[in-house]
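You will see two complexes here that share subunit A, one where it goes with subunit B and one where it goes with subunit C.
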Partner chain A sequence: MFVARSIAADHRDLIHDVSFDFHGRRMATCSSDQSVKVWDKSENGDWHCTASWKTHSGSVWRVTWAHPEFGQVLVSCSFDRTAAVWEEIVGESNDKLRGQSHWVKRTTLVDSRTSVTDVKFAPKHMGLMLATCSADGVVRIYEAPDVMNLSQWSLQHEISCKLSCSCISWNPSSSRAHSPMIAVGSDDNSPNILAKVQIYEYNENTRKYAKAEALMTVTDPVHDIAFAPNLGRSFHILAVATKDVRIFTLKPLRKELTSSGGLTKFEIHIVAQFDNHNSQVWRVSWNITGTVLASSGDDGCVRLWKANYMDNWKCTGILKGNGSPVNGSSQQGIFNASLGSANTSLQNSLNGSSASRKQS
Partner chain B sequence: MEKMARVTTALGGNTLSGRTMFCHLDAPANAISVCRDAAQVVVAGRNIFKIYSIEEEQFVEKLNLRVGRKPSLNFSCADVVWHQMDENLLATAATNGVVVTWNLGKPSRNKQDQLFTEHKRTVNKVCFHPTEVYMLLSGSQDGYMKCFDLRKKDSVSTFSGQSESVRDVQFSIRDYFTFAATFENGNVQLWDIRRPDRYERMFTAHNGPVFCCDWHLEDRGWLATGGRDKMVKVWDMNTTRAKEIYCVQTIASVARVKWRPECKHHIATCSMMVDHNIYVWDVRRPFIPSAMFEEHKDVTTGIVWRHLHDPYFLLSGSKDSTLYQHIFKDASQPIDRANPEGLCYSLYGDLAFAAKESLISSDSNRKPYIGDRRHPIFFKRKLDPTEQFEYISSSSALSVFETDVESGSMDWFVHTAKQYALAGRPLAELCDHNAKVAKGLDRNQVAQTWTMLRIIYSSLGTVSSANLNHSMGKGSAALPLMNSFNLKDIPSGLGSESRLDRSKGESRTENILMDSSSTLINNEDNEETEGSDVPADYLLGDVEADEDDLYMMDHENPHAEEQEYSLPQEAFPLRHEIVDNPSALDHLQDKADSPHVSGNEAETVSLTPVESFSLISISHSLYENRLPSDFFSPIVRDTLLFYAEQGDVQTAVSVLIVLGERIRKEIDEQTQEHWYTSYIDLLQRFQLWNISNEVIKLSTCRAINCLNQASTTLHVNCSNCKRPMSNRGWICDRCRQCASMCAVCHHVVKGLFVWCQGCSHGGHLQHIMKWLETSSHCPAGCGHLCEYT
Partner chain C sequence: MEEPDTEPPLVVVPGADPSARQLCFAWGPAEVLVCETRFGRADAGEGAPGSSRVFVVRRDQDIYIQTLRKLFNESHGIFMGLQRSEEELAGKSRKAQLVQVSKNYRSVIRACMEDMHQAAVSTRDPALQGQYSTQVSILSAMELIWNLCEILFVEAAAAGLLLLRLLDWVRLHVCDVDSMVREVLSSENPSKHKLFWNVVDVFVLQGRMDEARHLLSKEVTANPTSMNMYKILDDLMKKMPMPSLGNTQTLTELELKWQHWHEECQRFLQDGTFASNPHMESICKILVGDEDAILEKKELMTTWYHFLVTRLLYSHPTVKPMELRFYAQSSMDLFLGGESSPEPLDMILMAAFEFEMHQVIKECSIVLSNWWFVAHLTDLLDHCKLLQSHNLYFGSNMREFLLLEYASGLFSHHSLWQLGVDYFDHCPEFGRVYLELHIERIPLNTEQKALKVLRICEQRQMHEQVRSICKIMAMKALRNNRLGSALSWSIRAKDAAFATLISDRFLKDYCERGCFSDLDLIDNLGPSMLLSDRLTFLGKYREFHRLYGEKRFPEAARLLLTLMTAHIAPCSFWMTLLTDALPLLEQKEIIFSAEQTYELMRCLEDLTAGNVDKQKFQEDDVETTKVEMLRLALARNLARVIVKEGTVEGS
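Our next item is the complex of A and B:
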């Protein structure tokens, strides 16, 4: 069961992104009102706004936390064509208003000529690195060579995706067997049949990112994309928010099977596809173990998806944005059906087990 | 190019129609102006001065006003304006400070009419009076504004702003005598045309130069200004003090502002540098442009609405030497691409969700699926007031959905991490302990795995070892314990179920999870659990028989000490059953009726039964020779892999650590390292630093082990002389005293040492914590206010 706790965000326009920090104790929101707010969780579970400041001169599309090893660092990206890195300053809290922390801009990344639609920090083991993508279809990867100096970022890679990019996700795997990988989604809505999800992989030999895969089945505008936390899996799970929710698995084929030294080939399966939102799906987010996916759509609902032992993904919960339970009869029908079928297969399997036992 | 569909709008008598189109100019444009009947446009620049007629499909060059072999500087225009009453009358502001009027009615090729050479520097702006035919106003870089009567040779009056350069002058549309002027120092002045001695009113509008201004077409009091500070401000001039009523923040300095006809709150802007786009804003929603035209490749220098009463056609000239007609239908609308929702899963399973209020307040059934979210809002003549409202005042509701303790939260992970024993005791005890921990958290499957491991590795592997008697005794002592635990604590249905097979257990936990996290499907779920209980009962007899065997065996144990060696034999049915299950998974049972039928998981199915059957046969034939525990390694390895794939890296790593060498070689180094890093990362997320450190210490991977060794140097100050400690010992080499004395008990601190970074005093963690509970000052008496957080 979930308990909804409503927060008076007090943003003056739409909130476009919410982001928890590494430890789940802090939250950042960004809005079209050009500001970012930071919320801290108090002992009793309330969220208090501890900072609110104007970050950009346009809508702020996304905000993300860096790994705390690098300090309390946020990065935001905006319609004003920039991405900015912010760091919290501690110390002079006494002369400030009590409870308000101070964030300073460490750098502005100005390379894009169009709206920067997403920004994400790379997994920690890669160092202090971030990727941005922009509406003109360019993915840029920046690195701070000195983690103590957040004001110096060098542009390491520029990947041209050909299509207007809307979202980006790093593969979080820390395994040495998996090279750095980025999935890029496009919200290009022109009637072409180009793949709207592209996956780029770092090639050690050429020291460049190259396109490893394109999910050809995704042809509608993609609004969000998220790799599941890897946690020791040998394969990757990718959630895509487009006109429906889709979940893909990407199994890297063993190196010796692929052509020499080049990119990893993947065996890609679509393991789930749900149109229960009945509308555009705007966001997908994984839980920490990568076993539950939350999605939100134009219907104003959050839906939770979970796989059973057969790798069948099912809806395990619906949350209404205002906290009220959903009472749509049609959806219940769907549940009945899916659970019913699961039930019979279960029985089969049990009968089977008894039979096998007798055989042995 | 269906995007370029033609648009027609009726404007009383005359009709505007056309499409998005452009033409190449020979040179960059500085300004454009449109003829009263919206059929012709004049483009002026340093090297261009042409009139184009706006046809249905294209621009057609009508007239080149730039005549002569070597045109004089008078032709180099900074601004151009077409008279709105006399369609033959044009005025230009030349860069050399000359104001020129042009009469298109002249029969000669050179249409130049009058020349006013009164300004000393570049003229930035010229403006005709909206109703008075012969009145022309100019504003110049030299800081003066001049009013000309076209019937006279010289200026009628000169206005001195007493400020810096004039960037824009605009006659008020409603007030006959008023005009506004903007200046480079950020000021805006209002003048009465009859009083050249002094401005009526002045106020500072912007930080830095004010490049442009525009009077509202309908509302007499509204003046919009744009400046280098990237802002567009709307001022209400009706009050005694100019009041800022709207402020739009754009992304670059604002070069031009133009109110949109027929739409009270809309205004078009373009920028002076960096940004080549034209935006149309609704001033009531100042953060997101409601429309955007992205055609130009260089800075847009002039924008003008094609007709005074038509809001859909916008003309623009640019430094990229093109002239464009933009149609509103082809505009891109950033708000449509803007994400109305934010969603994030927290570490603890809480969900933060921000959504546009209209999305969550509305009944979800009310709004059908709209493939294209674009509202054809710009084509509504009279905008629907409700929709308009939604369009301009959007806000989001933010809420956090918190999981309660027993459901989807990650408490089990934290508890497990804290309670698991990973080393320091014999294997059997570790396994039992961990099984109990798992059981206590209702994770039967994991508990079962631990029990299996105990049986595989401890009762078996020790048979051949030297201190066999001792450990066997331990093992057998623990065995009945576990069994009685099973039989006593678990209702028979559940007990049998947990013994059934892992797929069953899996589905069981699945049910529990679904139960708790769903709000909707409780009933169905219960049905399912009930349904699944039935076959469990059906199987119960079978299982109970096994358990009886086991129980019997355990009872025999204490009676016959000498039978220890035969214990493994008797235990084999049990071992067989349990071991059989994880490898067979659910596929075996699924396909047992017809083993050759292949489902959707054909490849795994074809493999698994073979393996498990062979296993069974082998175990039967070999058990007398006591299977080495190595025999089970592949299965254990598969088990661990299974857990890892399921996202439970905790179990995988814990088993890996507990079993150590027994299993280590079965799993390749890279995978192990991957598990370790993932698990350590998770532990650190939950701020379980001590456990993460323990895991690092216990890991056998070199890459993981060395995590502990990195950056272990702490720089401390001597608590006596407060200078940095340089050497390694406890004695400060400056004051020759022991540096790490506890300020509370005055003993040397070994182990956890805490000190204040401000005054360098510190001591035992416990002592300092206790001290600072009651006092805020440093225990050393130095007067420093120490803080312990």
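Our next item is the complex of A and C:
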């Protein structure tokens, strides 16, 4: 059974991103109204807005949480060509009573010349590091060497992708066998057959990120991209949101000990392709064990994809609005998925008095 | 094996309008956040009107229902017992053990059903009542399926015993007729009750011969004219050969006896013995296994599987397990008669009769909304070594797959997650990594919960998770200025860098306020003091203060000196240490020896000699005064001590 409840977000314009913190007890929303809101979940499961503040001078595209090992830290990116790092300050007891908290800006990253379209923190084993990507086709990787001083960030790498970038994803694998890796998606619209997904890998020898792969089969604009959490697999799984949903596996081949200095070559397979949205797919995201992928598209639905124990991918659920107007700010409804109606038939079978059985 | 092609379930999010908006979303441990947006807008926003809502979609509602928690808890105990059970037992005793486990699971289901039923009866909220009643039906169906699986797969009842078990199964689960039976039996004059013959028929259909005969005797007392017919029928029913539990006859013997008896019944029927009493005649027809006669009593059997068992009882009581499938399919067809189509439950039972274990599990997975049933049943079947014997390479993977799903679901609950840990432990391939991923995400609201989680991680040598959790707690404490807590967490995390940082904060606090906070903690650091130099210094410095407080001046002095000469103290702190030495230098009693005094002086010179410091000392009056005072005190002490050490002690 599913329960869907709505919360009035009170943003004055469209919400572009919503993000859970690591433990799922806080969330952040960002909007075209240039602000970010932070919500906390109380013991009884209600969500309360505990902070709301103006973050940029343009639409805020994405907001994401750092790992709680670094404290309560958010980063946001915006049309105003900047990304900003925010830290929560434990406030006065008055604020605590009123259930409010304060967030202060620790730094603004101003290197981009165009709208910053995505920002993601690197896996925690790499330290406090984040990557941004911009419409000008540049991916920038920043690091805060002193995790206790969030105002000092240095630009460590600038990767020129040559195509306007829309999304990035860090490979979450913390295995020593895998070098840091970042996938970049491009929504470049001009007619060409350039690969719209590029994979960059960190090279220990040159101490730089170099392009390891480009997914040549993805030539339509890419809107979102996501590496799956790694459950001890030797290969990587990457989901791509483009004109359909695609799932790729990347199997590292033996590192060549050539003069190019050990860039991994990958064997790439596409393990699933779904066009059920029948339209552009805008977001893809994995659950924490990397066993379920969610995607959302222009058809207004969110679809859930899961592989069974034979590694066959299937759609296991659809979330869809019903367009009905909502009264009041919080409403609880219990919706039986068709699983629920199957339960009813199970019940009927048991009593032998199903509606479908005619009495003679 | 074909995957059943079912439509994926649709969850409706009220209020979200698919024509105007798309949905962006975020995964949480127990929920999915969905919010309306519009994708593909590269510009600065057109100020679209704010129907800005966030939807929280939560699954696994089952977990939150109070009574199912008991099911989860108790079945966990049975599961663990099974995993640890004696594998060395072989053959019959192992089978008996597994059957017992199966019975335990079923009794837990039944107990849960009882509780749910009570809850349904006692609540006044109609919605809640409906919910409870639904759950009771689902549990009932689960027990029905499990019971059948126990008979066919776990116990693997052979011909003879098989029929007895199936009869028990039917008697236990077809309850619709119970109230009717009770009504007739409790009436003053049962044989006059209009439903009398229905009840007799029920007993006959269920093979309850003694009870049928008993009722019939009442009828004939009231109606003596049918005495002859009654005597014959009663005799037939008494003599009916049944498989026995005691192994006193072989199957062949039984078959022979049964053939004889069957022929005898036929003869009486053909002779028209019961022609004048249609009720008795129909009973005799049932006894000879006349399908049409049995089918006429459809309403009393209510289900096709009851029909199946009755058919077997009266036409083939020595049926072998592998022959069931033919009878099952034809029974279902005959019973439904093309008027209605099979329901999911029917398909599951059919798959069981056909010994298609994987099909049973698959269908159950689809129909039931949580993984509890399939996970535990599959695990049991795996222990019976049944999944492997089906020669499917993913046999053991399926067990693990289902257990992982079930356990993952438990982690979204604030206390049931602890059960999930044990399940992951018994998934050899992916259990550990799943546990690592899930346990990190448990919200650490209280210290106790954090400690509980930590203990679990430590028991399993999950060092990275231990470190991470401690670091998160330390960070949280530090942000809330609870230095003591932060320090103990970073010690537990073995995080030297963080421990250094917090020690610095302690020292800074001391310099500002002149006293330490969290003395207990610092006093009892023990060997963990060695985690970081700064921490060691903090511990030793506090020790110095203690010694001083206890007036153990020579020890204190020695310690103080060591702190500087062994470079345990950071240079930034030397001034403070030297200042601490002042009261010791000015004691009436001489505490520092000559050598020690020379050392102190050297330290002071080292301190003031450094270029940077020199500037500081020159500019800062207070600092200069301090230095001068120190020099003076050191010189005086030196003077005194030289004299003292030069003096020969009088004898």
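In this text, the second predicted complex is superposed on the first by the 308 of 360 C-alpha atoms of A that agree within 3 Å, B and C clash if a C-alpha of one lies under 4 Å from a C-alpha of the other, contacts with A are read in each partner's own complex, and residues count from 1 in each chain.
The rule we apply is simple: a contact is a pair of C-beta atoms (placed from the backbone, for glycine too) under 8 Å apart; a residue touches a chain by one contact, two chains touch by 3 or more.
Quantities reported herein were computed from a predicted structural model and do not represent experimental measurements.
K.L.:
Which partner does A:R81 contact after superposing on A: first (subunit B), second (subunit C), both, neither?
P.N.:
A:R81 contacts subunit B only, not subunit C.
K.L.:
Once the structures are superposed on A, label A:W47 by its partner contacts, choosing first (subunit B), second (subunit C), both or neither.
P.N.:
A:W47 contacts both subunit B and subunit C.
K.L.:
Should A:L231 be classified as contacting the first partner (subunit B), the second (subunit C), both, or neither?
P.N.:
both
K.L.:
If you stack the two complexes on chain A, which partner ends up touching A:V90: first (subunit B), second (subunit C), both, or neither?
P.N.:
The answer is second: A:V90 touches subunit C but not subunit B.
K.L.:
Considering only touches as defined above, state whether A:G71 meets subunit B (first), subunit C (second), both or neither.
P.N.:
second
K.L.:
Touching A:R5, do we find subunit B (first), subunit C (second), both, or neither?
P.N.:
Both partners, subunit B and subunit C.
K.L.:
Look at A:L14 in the shared chain and tell me whether it touches subunit B only, subunit C only, both, or neither; answer first, second, both or neither.
P.N.:
both
K.L.:
Check whether A:G317 is in contact with subunit B, with subunit C, with both or with neither, and answer first, second, both or neither.
P.N.:
In the superposition, A:G317 touches subunit B and subunit C alike.
K.L.:
In the overlay, answer first, second, both or neither for which of subunit B and subunit C A:S175 touches.
P.N.:
first
K.L.:
If you lay the two complexes on top of each other, which residues of subunit A touch subunit B in one and subunit C in the other?
P.N.:
1-9, 11-20, 22-24, 27, 29, 31-33, 47, 58-59, 79, 115, 124, 135, 223, 229, 231-232, 280, 282-283, 285-289, 291, 294, 296-302, 304, 308-310, 314-323, 325-326, 331, 335, 339-340, 342-343, 345-354, 356-357, 359-360
K.L.:
List the residues on subunit A that touch subunit C in their complex, please.
P.N.:
Answer in residue numbers: 1-20, 22-25, 27, 29, 31-33, 47, 58-59, 68-72, 79, 88, 90, 115, 124, 135, 148, 223, 229, 231-232, 280, 282-283, 285-289, 291, 294, 296-304, 308-310, 312, 314-326, 331, 333-335, 337-340, 342-354, 356-360.
K.L.:
Given the complex with subunit B, which residues does subunit A contribute to the contact?
P.N.:
1-9, 11-20, 22-24, 27, 29-34, 45, 47, 57-59, 61, 79-81, 115, 124-125, 135, 166, 173-177, 187, 189, 223-224, 229-235, 243, 278-280, 282-292, 294-302, 304, 306, 308-310, 314-323, 325-326, 328, 331-332, 335-336, 339-340, 342-343, 345-357, 359-360
K.L.:
Which of the residues in subunit B come into contact with subunit A in the complex?
P.N.:
Touching subunit A: residues 230, 249-251, 285, 287-288, 334, 337-356, 359-362, 364-365, 367, 369-373, 394-404, 407-408, 410, 413, 500-501, 503-504, 506-507, 510, 513-514, 516-521, 524-525, 527-528, 531-532, 534-536, 538-539, 542, 580, 584, 586, 588-593, 613, 616, 641, 644-649, 652-653, 670-671, 673-675, 677-679, 681-682, 685-687 of subunit B.
K.L.:
Within the complex, which stretch of subunit C touches subunit A?
P.N.:
Its residues touching subunit A are 3, 6-19, 21-45, 47-48, 50, 52-59, 61-62, 134, 137-138, 140-141, 144, 174, 176, 298-299, 302-303, 336, 339-341, 343-346, 366-369, 394, 397-398, 401, 408, 430, 433-434, 437-438, 440-444, 468, 471-472, 475-476, 479-481, 501.
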